[in-house]
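Following this line, the structures themselves.
Next, two complexes with subunit A in common: one pairs it with subunit B, the other with subunit C.
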Partner chain A sequence: MRAVHTKVLKVALIVALLSGLYLLAVARHAERDALRKAAVELTPACKEKLQAYALGPGERYRSPYLLRTAGRSSTLRGYSEDDVRAIQRGCNIVDDLQGHLAKSGSRERWYANRFVRGAQTTCNHCHQGVGDKQDAAGNRQVGSNSLGASWVMADMYDRFTGMLLPLEWRQMQCFINSSNGFKPNSADDLIRDITAYSRFLSAALALKIGNHYPEQGIDEIPASATLKRGDDYIRGAHLYRQKCASCHGLQGLGTVAQGRVLYPALAGPESFSLDSRMNFARVNTVMAGFICRNMPLGAEGSLENQDCRDIAYYLGTLPRPAGDRQGPLVAAWERIMMAVMPPLTRYAESIGHVPPPTPTQYAESLGHNDRPPHAPD
Partner chain B sequence: MVALVVGFVLWAHFGSHLAVFRSHVTLERGWKDFRAAYSVDDFGEDGHFVRAAQSGYNVFFLTHKYAARFTRKTGVDRINACAGCHTAEDMAYAFVNSDRFDTRLGRRVSFEERVMRCFAGPMNGFVPTLYDPTVRDLRILARAVAHHLQLSEGARRDGD
Partner chain C sequence: METNAVDSAHVRILAALRANLPVGLTLAVVTLPQAIAFSTTLAGLPPHFGIYAAIWGVLFTALLNPSRVFSGGPNTTMSAAIGVTLLPIAPPFGADYIGYALTLILLAGLIQLLFVVIRPLGRMLDLINEPIINGLICGIGLFLIFKSFTSFAGLPINTEVEWPLWIAWQSFLAVLEFGNLYAIQIGLITLITTLVMRQIASVRNWAILLGVVAGTAYSQYLNATVGLQNTMIEQIANLSSTGFVFPSLPVFSQEAMSDIISILPGAVTLALLGLFQTVAAMRRMNRKIGDYTDSRKGIFADAVSNCLLPFLSSLPTCASFNRMWLVYSLGGNSRITSAISALILLAMVLFLAGPIAIIPMPAMAAIIMVVGANMINWEDIKPHLKDRREAVVFTASFLSVLFLDLFGAVVVGSVLAIAYSKWEQAHPSISVRGNVLKVRGNIYYGSLPVIESTYHGLIEREGSVVLDFSECYYIDQEGIRWLAAAKAAQKVAFADRRRDLDRRALERRATAEENRGSGKRRGQRRNKPDRRHRSEF
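Our next item is the complex of A and B:
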């Protein structure tokens, strides 16, 4: 009799557990449905961007950008209210992945912070201009990682992974490497909304499927695009202090004020991982290209190719999180370095402070007669 | 043991005729004309993308043969391939108009899901996963055709 009671109790426990899980799943689905139907409060950048592109529900869509730049505009299929909300949410995610600007925090971003480590990362750090960077005259910036241009060139062969890479999988890589995090499901609302926004950008900019546009990806800078003096991380460190440190900090740890990320971390625990293509030690052309085309903010294009490679090289030497490929020993070592190096460097700089050499002094020490370009004494 | 492994590899590549072991796609009738008509060579004479488009072509026109896992249709059925209902250009337009809200289903539906639903419904078969090469290659075929037609996102067949 007792054995029967125990068995019944066990079955009841299992049924209760499964019912609990089922109810939890139902509640989560209901929450997602409610979020899909809820009005979207746009971030200021998204409000400006989507207003400029006249996003709204309707039978037809005409791109004001095309009208402005080409004097004509084709009529495209319009968007339903659900589509509009998906695009708006996608824009918000790109601009503010972690929900710092949202009333209910990451909930409005599909809890995207589940997929990233740290509290700083957002897509907009690499995909500037909310994935659509333009200059003051409205020209799309070359090599600016445009999301719209990425969409029209998705599914192409990716030399880093050896795959035909859909945009959804490319996003997963961003989450894993650039955000040093975890892979969302390809069909997750988070990924689908970013895709919806990317697709809308391509419609607004009238980009054609399968065409390559200069703003797609990063305009990589190989060594062959320099005078081949060799990359020099000492010079890179010097240039970094001159050109980058005022925003990103001397240690590259980024600038955060009142909980808002003003400038992203380029090293340390909040930064991209060793596996990221941005890591010079892994791919030595991408970060250099990004710097040359997108940095310093407001003075883009002012650095020479070699400057960008040197800065990227220097950044590649700073401690950052290990990726999935490095294994636990490297991960542990990087953790130690990330904890130890910043205070150690600060201390070393505080004692017997020796000012870094000027570019001229440095060039002379190398036996060069010239000095680094764009480096005032 | 080594001979066994070598023998298996040789069989897999040359004798098995199993697609999973082959790095090339079977040349079916009409591919060369299709390739020329839709400028698939814009993506190079050969390469991953072109092979995927060719594989998509095979699935699209000979679904019962190249996606037999996902359909109960056979060679004797009158309509046994995607091409029985759609043209390649239909696919391209469907692709650039996908990921939109479907009033009948009450949610946003992707191109991949449309393909999956086609297999389950009109093709009287089974649903491939989102990641299956069959779905991917059909999408890539649609992309290649959309490129040839120079379609942008949301392009309509009736143009302006």
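Our next item is the complex of A and C:
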């Protein structure tokens, strides 16, 4: 009799626990549904961008961008209310992944901050111009990681694993490899909304599926695209001080003012990881390509290929978080380095009297001119 | 008289069949989704690789391995090792990739054969002790539950390897927040049915099958009322194209040689992963049923099977903790169980592809969760927590599964266990009476400093020492040199009372000791364990 009682109790407990979990799941689903139906409050950059592209619910969609650039316009199928909200949310996530600008914080961003480490990371740091970088004249910036152009290349073979990656998985790679984070499930609204936004951009910019556009991805700079003198991180450090440090800080720790990230960290705990393909020590063409096409802001394209590689090399030597695959020892070591190096460097600089050599002095000390006479401009 | 014997044999076979049928059926049903999932999501190979491993791999090992609770077949970590090794070499699911996979498995099988041929190598695998194995088992059990979250809720599986605990937590949140509610309902119905049925003694062995049936029935009901296009429930693939056998040849062409050399380390890992699990699981489960099987036989069975399987388009085989646990908990206690499960699976694939195809994946995920939960058994853990050393080894190997991986857990656990046993040996019991120093234990490089410190203290106090090592059972070369040096310094006299004993008495004692203490080792050397001595326990 007692045994039967225990068994009944056991079963009741199990059933109660599982039904409790089910009810919790139903409640959380309802919460998400409400969020999907709620009106979206756009960030300032998104408001501007989506207004310029005339996003709104309707039967038909005509791109103002195409009208302006080509003088003609084609009519596409329009967007439903749900679509518009998804696109708006996607834009918000790209612009402000952490939810610093949202009323209810990361909840409005589908808790995207769960999947990145640090409190600064956002997509906009690399996918500049909210994933659609243009110059003053409205020309799309070459090699600017455009999300619209990325969508039309939807499925790509991964260069390192050879796997065929759909856009959703490429976004996951962004989270793991570029933003020093973890991978969201590919069915997450987070991924869906970013996909919706990318897809809308491709429609607004009249990009055609399967085509390669110059603004897609990064124009990588291999050593063969330079004069092949070898990369030089001392020269890179000097260039970094001249060109980058005013925004990113001398230690590359980024600039934060009043809780807003003005310029992202390039090193230290808030930056991308050792495993990131942005890390020169891991892939030595990507960061250089990014710098040459997208930096410094407002003077893009002003740096030589070798300059970009040198700066990227220097950045690759700074301490940053370890990637997931590198294990606890490397992680601990990097943690120590991230804590110790900035004050140490500051101290060393405060007692040093010798200013670092200019690039020309340095090149002369190596026994050759910075720019050989036969070099093309 | 003769017909009687035949009749009783018939009766016995029938009885064995009747006892093992539900267990075999359950095993087959549990293995099927694992086989498909392991080959497609982990190894990057078509689903028939896993299925053939679950049929031919299980049959081969059941045939070759005399252990009564052994169950082979596809394995998580081995499948993952294949994926990790080959992804940099060729795109998965392609012809090249499959060829290299077959080569990799064959290489692993050949390396495993080395462990049969070179005896000390095989003996090394016995250094994994029980706390390590139980730590592994608990870790794997938890891991299986975590891994099932996504398919339980009809979500895509996270394929890339990351920190598993984090992924588990994120998957759990994903289930709560945006999992497919229909899938969750199916999964919960399966789970609750199974758990309730397990409480009823008469249907206990059928609990998992009944759970699958309930889940499938509910899924069919949903299909009829809501429609599959709306519920979007994933079902087991239609396997009707999978045949009886699918012969294949590993790649060994000239131009592939450089790649084959580059996958050699992967082959070693694969071989070791398989053998570790086989030896550990066999020992653990054999002890549970109070049986003993030489681990060499398990290694031999695995090695031969893995040399044959690549010719049949199959994943490699090794012991499966979770399925052996299932067989044990359902009361299966004969090789017939595994063989039956393989044959049932073959029949299912050949003749029942249609009905199998409608089994929903959430139901299968729920079953894997039950299997995982079964593996965490408090009664097995409790004894390890009583002893501090065992508790440390157990906890280390348990946490290593969660924080590192299976291989890391084995390494961490073994290092700790060996360190502890060496520590024990490095502290011989030393007693001093007058100027007689008696050492019980080993005199070797590790214990010498301990002995030396007492010895020199005694010399300073007494001037001369009698060193009694009549109860030492091992002196290594360093120890002998030290003894010789001490003797040469002429401050020490040796007492070894064994010399004074009657030779015949000594011999008698040695035989008795051998029978008691090292019967196991003797048994191995003779190939046939001496049953008379074993029965003394």
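Simple rule for what comes next: the second predicted complex is superposed on the first by the 351 of 377 C-alpha atoms of A that agree within 3 Å, B and C clash if a C-alpha of one lies under 4 Å from a C-alpha of the other, contacts with A are read in each partner's own complex, and residues count from 1 in each chain.
Convention: a residue touches a chain if its C-beta (ideal position, glycine included) is under 8 Å from a C-beta of that chain, and two chains touch if they have at least 3 such contacts.
Just so we're clear, the structure is a prediction, and the values are computed from it rather than from any experiment.
Visitor: Look at where subunit B and subunit C land on subunit A after superposing the complexes, then choose clash or fit.
Guide: clash
Visitor: Could you say whether A:I14 touches subunit B, subunit C, both of them, or neither, answering first, second, both or neither?
Guide: So A:I14 only meets subunit C here.
Visitor: After lining up the shared chain so the two structures overlap, which partner does A:D155 touch, if you call subunit B first and subunit C second: first, second, both or neither?
Guide: A:D155 sits against subunit B, while subunit C stays out of touch.
Visitor: Is A:L164 contacted by the first partner subunit B, the second partner subunit C, both or neither?
Guide: In the superposition, A:L164 contacts both subunit B and subunit C.
Visitor: After lining up the shared chain so the two structures overlap, which partner does A:Y22 touch, if you call subunit B first and subunit C second: first, second, both or neither?
Guide: Touch partner of A:Y22: subunit C, not subunit B.
Visitor: Just to be sure I read the superposition right, which of the two partners does A:Q326 touch: subunit B = first, subunit C = second, or both, or neither?
Guide: neither
Visitor: Can A:T255 be said to touch subunit B (first), subunit C (second), both, or neither?
Guide: neither
Visitor: For A:S80, is the partner it touches subunit B (first), subunit C (second), both, or none of the two (neither)?
Guide: first
Visitor: Just subunit B (first), just subunit C (second), both, or neither: which does A:F182 touch?
Guide: Once the two structures are laid over each other on A, A:F182 reaches subunit C alone.
Visitor: Between subunit B (first) and subunit C (second), which, if any, makes contact with A:R32: first, second, both or neither?
Guide: After superposition on chain A, A:R32 lies in contact with subunit C alone.
Visitor: With the two structures fitted on A, what stretch of subunit C runs into subunit B, 92-100, 128-136, 146-154 or 398-406?
Guide: Of the stretches 92-100, 128-136, 146-154 or 398-406 of subunit C, only 92-100 runs into subunit B after superposition.
Visitor: Indicate the residue numbers of subunit A shared between its subunit B interface and its subunit C interface, in ascending order.
Guide: 157, 163-164, 186-187
Visitor: What part of subunit C is in contact with subunit A in the complex they form?
Guide: So the residues of subunit C touching subunit A come out as 87-88, 90-92, 150, 155-156, 158, 160-163, 166-167, 170-171, 173-179, 181, 184-185, 188, 191-192, 195-196, 199, 403.
Visitor: Contact residues on subunit B for subunit A in the complex?
Guide: 42-43, 47-49, 52, 92, 95-97, 99-101, 103, 107-108, 110, 130-131, 136, 139-140, 143-144, 146-147, 150-156, 159-160
Visitor: Within the complex, which stretch of subunit A touches subunit B?
Guide: Interface residues on subunit A, with respect to subunit B: 61, 74-83, 86, 151-152, 155-157, 163-164, 166, 186-187, 192, 195-196, 199-200, 202-203, 206-211.
Visitor: Quick one: in the complex, what on subunit A touches subunit C?
Guide: 7, 10-11, 14-15, 18-19, 21-22, 24-26, 28-29, 31-32, 114-115, 157, 160-164, 172, 176, 182-189, 324-325, 328
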